[in-house]
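Two complexes, one shared chain (subunit A), two partners (subunit B, subunit C).
After this line comes the complex of A and B, so read on.
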């Protein structure tokens, strides 16, 4: 009742329909119904749905943090102390078989161990003890080797540190410390 | 109930030049103080005859076709809208291109403004401002049956010729019923000035 003239597509100077018109007319149609315009309502829907998705994502991150595997785990013997000379690297899986870790003897004799997954997008980092860093090849991330802190590239958090214990010549992994700074 | 199709009928020969439409138009809140209707003198030197000019709402709107900024849009029911403020670049292409001289360049706003047949009113079932106030029926908004009944000596046509361009419009122009014309030539008056234009006013039969 409201609209007095029936809805009808416009005419074009050559008399052909919109589908037969040149591309520029199809890209910029003068009729409002044929225009792919984002209405205020659609934009508001988009905003609400996207911000809702972000809120759900935050809740998901919080929920997973409740179940994060962290702290002390059953001990695992990684290597004999005498086998790990300075500059040498031992790979191991800890705390479960699908989480790779790296045991590194630094040049000064100190033993350090980190989870191998880059804190940016979980690529495997490559240790370069003679250069003094761990390198993530995916996005050129760099971690300094003595503490595992990020020094370059996209990662912003340090690598998870594997806590170590040395008893009677054997190196044990005893726990995982996830660090945010 | 089947909605009655309302149309705009224009009969310049009934215009008495009272300016009511101009003032009613400028009352509108969407463009307060600025009239979108033009009240033109047909031949100012020779006659006091005036003619109102509203947007004819072409089926193939030339103004929208020439707009480089895609600012002039046509609604689904065939009303050509005034230029969109965020898009209009005030280039005046539409002003130059319109066969009827309807678009107005408002230089103080850098915006083209034109008649949109009071879309805010007509889309809710009310009549356009100008048609509600016109005392002589030069501007009429109603159904086709109504105009048939009221104007028995006239008939509406919506075909116009502008040079090589044939224009079909939503707004109807009333022509004498017996006249054989198929279309109104918009530019004819520019080429040969009318020599003697007898206007017979039948004052005793205002229904005519």
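After this line comes the complex of A and C, so read on.
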């Protein structure tokens, strides 16, 4: 004769029978001691699986870097030099239409341009030239404005620097420099 | 010369040691992946190949240790 579900030898954390257990446990009546058992072999297998996943990730980065070659960047006119006074900000898209950038004239007269996507999770950074930083409102990241380096919050890499050239009074974006420090 | 079989306690000690080494190597791989990802996203690909080879090396050692765990748990030694 087959055992009914009530007769099956099970133990539950509170010691009560299956009929007194909550509904979710009656629907999924796992054998608790057996369920908690993780052998050393299973634990090691799981760790080696994680190790394999890490190795696959590393190889994916390697292969991607072998096949990804950044070509020449286009040259794009973004503003007239006389229109950008100290503290003024010009927004533009570079090198493609879906990558936002910021051109900033610093108080000392220098022109700088950065990609607007935060290096933490790609939120748009907000320039605050009078305070001397760019602010990412998503996770309170801060970048100093003269070099684009992170000075606070979660970002660890500087903002991508957009190379500029000024010819005949026109400011051109000529390339993007991604940086680690 | 016949090598004496390992006792259960000896095998348990070896298994714990193997698990510790595997954990250390997995943590090393995690650190490698994090550092490589940071460099790669910053445009620096000079370390990517070496890091991938190091991670693969860790995986090979881990698989060898896992085979050893199977062997010991099946009564070998």
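Keep in mind that, in the parts below, the second predicted complex is superposed on the first by the 137 of 181 C-alpha atoms of A that agree within 3 Å, B and C clash if a C-alpha of one lies under 4 Å from a C-alpha of the other, contacts with A are read in each partner's own complex, and residues count from 1 in each chain.
As a convention for this text, a residue touches a chain if its C-beta (ideal position, glycine included) is under 8 Å from a C-beta of that chain, and two chains touch if they have at least 3 such contacts.
Quick caveat: nothing in here was measured; it's all calculated off a predicted structure.
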- [ ] Between subunit B and subunit C, point out the one touching more subunit A residues.
- [x] C
- [ ] Pick one for A:13: touches subunit B only (first), subunit C only (second), both, or neither.
- [x] first
TODO: Determine, under the contact definition given at the top, whether A:45 touches first (subunit B), second (subunit C), both, or neither.
DONE: second
Open item on the list: For A:28 in the superposed arrangement: first (subunit B), second (subunit C), both or neither?
Closed with: first
Task: Doubly contacted subunit A residues - partners subunit C and subunit B - done: none
Task: For the subunit C and subunit A complex, residues of the former touching the latter - done: 15-16, 18-19, 22-23, 25-26, 29-30, 32-33, 36-45, 48-49, 51-52, 55-56, 58-59, 62-63, 65-66, 69-70, 73
Open item on the list: Show me the residue ranges of subunit A that touch subunit B in the complex, using the header's touch definition.
Closed with: 1-8, 10-13, 28, 30-33, 35
Task: subunit A-touching residues of subunit B, taken from the complex the two chains share - done: 1, 3-7, 59-61, 64-65, 70, 72-79, 81, 122-125, 165, 168, 170
Open item on the list: Help me check something: in the complex, which residues belonging to subunit A touch subunit C?
Closed with: 39-41, 43-45, 47-48, 50-52, 54-55, 57-59, 61-62, 65, 119, 156-158, 177-181
